[in-house]
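Take a look at the structures below.
Next come two complexes built around chain A: one with chain B, the other with chain C.
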Partner chain A sequence: MSGIKPILKKELADHFSSYRFIILFALITMVSMITVYMVGLNIQRELNGVAKPRFVFLMLFTSSGTLFSLVDFVAFFGPLVGLILGFDTINRERNEGTLSKLLSQPIFRDTIINGKFLAGVVVIGVMISSIVLLISGLGLIVVGVIPGVEEVGRILIYLIISIVYVSFWLGIAILFSIIFRSVATSALAALAVWIFFSFFISMGANAIAGALVSDTTQDDPEVVLKQIKIQRALSLASPLILYVDATATIIDPMRKTTRTIIQMGMLEQLSMARFAGPLSLSQSFFVVLPYIVSLLAITIVSFAVSYLIFMRQEIRSI
Partner chain B sequence: MESTAVIVTRDLTKVYGHQKAVDRLTFNIKPGEIFGFLGPNGAGKTTTLLMLLGLTEPTSGHAQVLGYEPIRDPINVKKQIGYLPENMGFYNDLNARQMLHYIAELNGLSLDIAEARINVALQEVGLSDEAEKKIGAFSRGMRQRLGIAEILIKAPKVAFLDEPTLGLDPDATNRMIELIRQISQERQMTVMLSSHLLHQAQKICHRIGIMIKGQMVAQGSMEELAQEKLGVGTEAYTLEEIYMKYFKET
Partner chain C sequence: MKNHFSIRALSILLGALISMSLSVSSTLAADNDTSRKPARLITMALEYPGIEIPAGDDISMDIILHNKGRSDEDVNVAITAKPEGWQALIKTYKYTVTSAHVPSGEDKILTLEAKPPGDPAPGTYELNIEAQTVDGRFKMRKKLSVNIIAKEDSAKESKGVKLTTSFPVLQGPSDAEFEFSIEVDSKLIEDAIFDLFAQGPKNWTINFKPAYESKYISSLRLKGNQSQTVAVEVKPSPLAPAGEYPITVRVSSGDAQGEAQLKIVLTGTYDLEVGTPSDILSLDARQGQPANISMYIKNNGSAANHNISFLSFKPENWKVEFKPERIDVLEPGALQQIEVLVTPYDEALLGDYAVNIKTEGEKATKNTEFRITVKASAAWGWIGIAIIVFVIAGLAGLFRWLGRR
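Then we have the complex of A and B:
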């Protein structure tokens, strides 16, 4: 991959010196610090005089304070970071007339997308890692509990999943910046896709499941089960659900499956009740592995589509 | 003659929808010459340049640049060609030197070679004093000259200049034309100059191709074209007269 280094370097310099990055970073840092501070105070109060549960530290990320937990926050607003970083990647260069110049240099077309995507991923990585570190530090001070090795491992995996998740949305934004010549249109289109997949799919899944399997009686367990299965399957089309399920399981050792209670079989419910201990890290990881693979897969698909379109596009200076 | 030609095309054609943007174009360009590529707006000049660069795929026909086929081997072609697009854009928040460094890096030049070439190029286009200024504050003439500097640091064998004098004031236009002549001579660079400013083309071009509605209606030196169209000797003609003659015929 010759030529990817200068592009990566230039894009990183652009990102880090842009107001866009500074504002985003400031906003996210502020929100997460306030959230964690409140969560921390909550935990401190609750744990006063009680025997400490094993994974207090992870509760910083999962328990919701007054508004939302940190994990929820990243799930909902992480995609926005990806979209904002990427929505004008290619069409800005096209509009400013620098794309034809870039393409007349001896580099492949995909190098341009790769370099820009990679720069975005680095920025996202820096953002999320520094926030997680900040929160951990703040948690240490407020709660006063040191995380164990396993907890650190879980946080690391959580970090990686989060970076992949936000990068997926970056990929979508880059795709739209290739398709649409106008920056405003690509921003809007990317936002629309985000809203659709994050909010409407789960609602739609409910409605479709209800329509497919009509339950007139309301109390036939077969029907109820079928409905829930359909609804689950449909909502897995949403990256948000994939992400929430994956991170909730990895960061909360007491969760042993991503399925809901209703979907569990008899024996599974029995074993849940009998063995109340936490899941080991490797087992948690196996539970969420399919989710991580799915997230990676949709990222790669969005990328492949970007390549295909960009390779065939006419490059006119106008 | 063909083996020594820098650019060879055979029946190069590009069709957009129903419209033939470039129609069976056949021409050769010899090393070291300045080839004036003339024609009205929309005649297919830019499309031809893009096809020669490998940025646009021809519908049919062949092109060879320095022995490489632009479609099969775009990287090697782009290594050898410096391209000044018609509406050239710059990163406005970089300064001239940073911009040139970026281009040098994209071409895989090592830092010391890049440094040396950038200094020479800035000197040559007369931007040495403005090298640390942001490009956003550049005038149009300065931007065009910076575009030429970008070509120079690649040290290409061929330069494609698409309307390099477009929108320049008379003084800047003359300086640009003089600059093109100078670098072509000093560096033995083959230049393909697309323009519709006949007066300037007449001054520096060795050979001329007139393109109208996608077709090359005439090519040759000024004398040849004058002889053919006007039937006059070497003195009493301007390129404008020749051009209008062709233009009215088609």
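Then we have the complex of A and C:
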């Protein structure tokens, strides 16, 4: 990893000076600012009449203003950032013939891919951190609530999960840029994967669950529950679902599980309602730990695969 | 016609005559009444010339002076003879009297008071009362004969007050309040104020109340030969063990005394105290794994408590076990430890749950609410970390294998 520094520097310089990045960043900043402004107005209305509101600051991220909350926005369009940053990483260099020139320098081949991936991660980190900080600052002005230690902790974990999540899509984009020679093909392939995992998986899971469990007795809670279980198990294959479940739970202390539908007995409800309180940060973290681990694992695996393919590819012949 | 006229004239004449004679006779009669009264006449009488009293009682009676004459009189009165050792005098409401003015046609009532000596022998005694007008024209003498009867006969009478109660024995737990109803029956002739006393076990509170009233009294005014119901309120000492407790109620006014024996049978109280040694009623548990909490049961009552059992109010699919499951007998003041094992459901959500444990003893139940916090099991956390370590190790291996090309 000795030569990684110049590559990283060069890549960052490329990213930050490119129009692509500036347009992307401006777009995302604008959308998030509009979102948080809407949310700020909405929170004041929502908290009307609430005696002692808790975790108001976190509502900046979870409360949906008019269209979607920030968490939803990052879940759906965060991947695009990763894809746009990475879809032409390798094949553009190759097409322009700069890759062989680069490799003729005293630089190892793995340094190139490591540096490019790391540069992407840094850019993603800068982008998401600045958005979160921007929203926090704006929230302080609009809502006027200072976040507590626990809230800051939750936002920090949310930030890390988001960076890992977007990095996963960066890894996927880099993988396609290695596999396909054409920039357009790799971009389309990456988009297709994004659309498939983000939208089709949940639809497909619905259809498969409906097919597996006979739909005739819709009223039977057992059957409905079984159907939902199958659907959930299938849709967990989507990084989007992993990300949404993890962040929604970590950022909302009142959410005690990542599951969307839970079966609860009468007595259990009574018993829980007696001490209806938020989970502590550590407990929330334990709930979403499997999700974080999964996201981290698929991110590393996607990078490892592109690393493997890139290292074994014939380059000089082109 | 003429005849007829004459009859009519006659009848008129007659009527006039009769009416005249009537009015004359009436004035004559009035004249006679006053004229029949002597110029001076005065008499004296005793209310009861002969009486019988128990030994120790005093005599009090009226002397009536009656002026039958037409002129007012001043009369000197005196007791001229009395048995030895007796005290006797003539009084009005205010003064000792030696002479009284009696207006014409009116009565004068004086009071004769006589007091036999401390312990007079039974027998007949005589007192002489003499009266004479100031000029000595009328002299009167009256004899009062007093028969004193032996004290033994009058003993009952002089006790004079009787206490009766319909329910002399009451039964209940130590923390109850008891109320006896006592009838105080005065046999005395005159009004009297009776003092009320009660004697009971130490630290007990005994109060007298009028029937159907809530104020406390310590004395009671009764007219002669009247009775009144008095309530006796008894609060046992909270520490009193089960048993029988006598209570004496005494009513007295001078020599008159009455007594009643009451009894309270305490059956003991039933009270259980349930808690934890540390006073902490919250507990951490993990899904599907038993969590243990120690609970103690203390018998705060004064009676032994038998067959104490436990019930739990818990969410579905949870398990709550008790070791031991029941306590056969718990003596007063005794303490017993109970181990409670709470096992949350395997798929219970994280968070706080309320689990209620009801301790059911003899005539006493106690509800204890525990707050069970279901926490995430850390096992999966370690597995997750292992996965991450494994993946990173794989990546490092890849770097080592393919790196530096």
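In this section, the second predicted complex is superposed on the first by the 294 of 318 C-alpha atoms of A that agree within 3 Å, B and C clash if a C-alpha of one lies under 4 Å from a C-alpha of the other, contacts with A are read in each partner's own complex, and residues count from 1 in each chain.
Here is the rule we go by: a residue touches a chain if its C-beta (ideal position, glycine included) is under 8 Å from a C-beta of that chain, and two chains touch if they have at least 3 such contacts.
These figures come from a predicted structure and were not determined experimentally.
Trainee: Mind working out whether A:125 is in touch with chain B, chain C, both or neither, as first, second, both or neither?
Mentor: Neither chain B nor chain C is touched by A:125.
Trainee: Which chain, chain B or chain C, ends up touching more residues of chain A in the combined arrangement?
Mentor: Counting residues of chain A touched by each partner, the higher count goes to C.
Trainee: Once the shared chain is lined up, is A:6 touching chain B (first), chain C (second), both, or neither of them?
Mentor: first
Trainee: So, does A:289 touch the first partner chain B, the second partner chain C, both, or neither?
Mentor: A:289 sits against chain C, while chain B stays out of touch.
Trainee: Once the structures are superposed on A, label A:304 by its partner contacts, choosing first (chain B), second (chain C), both or neither.
Mentor: After superposing on A, A:304 lies in contact with chain C but is clear of chain B.
Trainee: Which partner does A:98 reach: the first (chain B), the second (chain C), both, or neither?
Mentor: In the superposed model, A:98 contacts chain B only, not chain C.
Trainee: If you stack the two complexes on chain A, which partner ends up touching A:108: first (chain B), second (chain C), both, or neither?
Mentor: Touch status of A:108: both partners.
Trainee: Enumerate the residues of chain A that count as touching chain B in its complex and touching chain C in the other.
Mentor: Chain A residues touching both partners: 108.
Trainee: Please give the residue numbers of chain C that touch chain A in the complex, ascending.
Mentor: Residues 313-317, 345, 348-355, 369, 371, 375-378, 380-381, 384-385, 387-388, 391-392, 394-395, 398-399, 402-405.
Trainee: Considering the complex alone, what residue numbers of chain B touch chain A?
Mentor: Contact set of chain B toward chain A: 46, 50, 53, 55-56, 75-76, 78-79, 81, 83, 85-92, 102-103, 105-108, 150, 162.
Trainee: Report the residues of chain A in contact with chain B in the complex, numbered from low to high.
Mentor: These residues of chain A touch chain B: 2-3, 5-7, 9-10, 93, 96-108, 314-318.
Trainee: Please give the residue numbers of chain A that touch chain C in the complex, ascending.
Mentor: 108-110, 256-257, 262, 265-268, 270-272, 274-277, 279, 283, 286-287, 289-290, 292-293, 296-297, 300-301, 303-304, 307-308, 311-312
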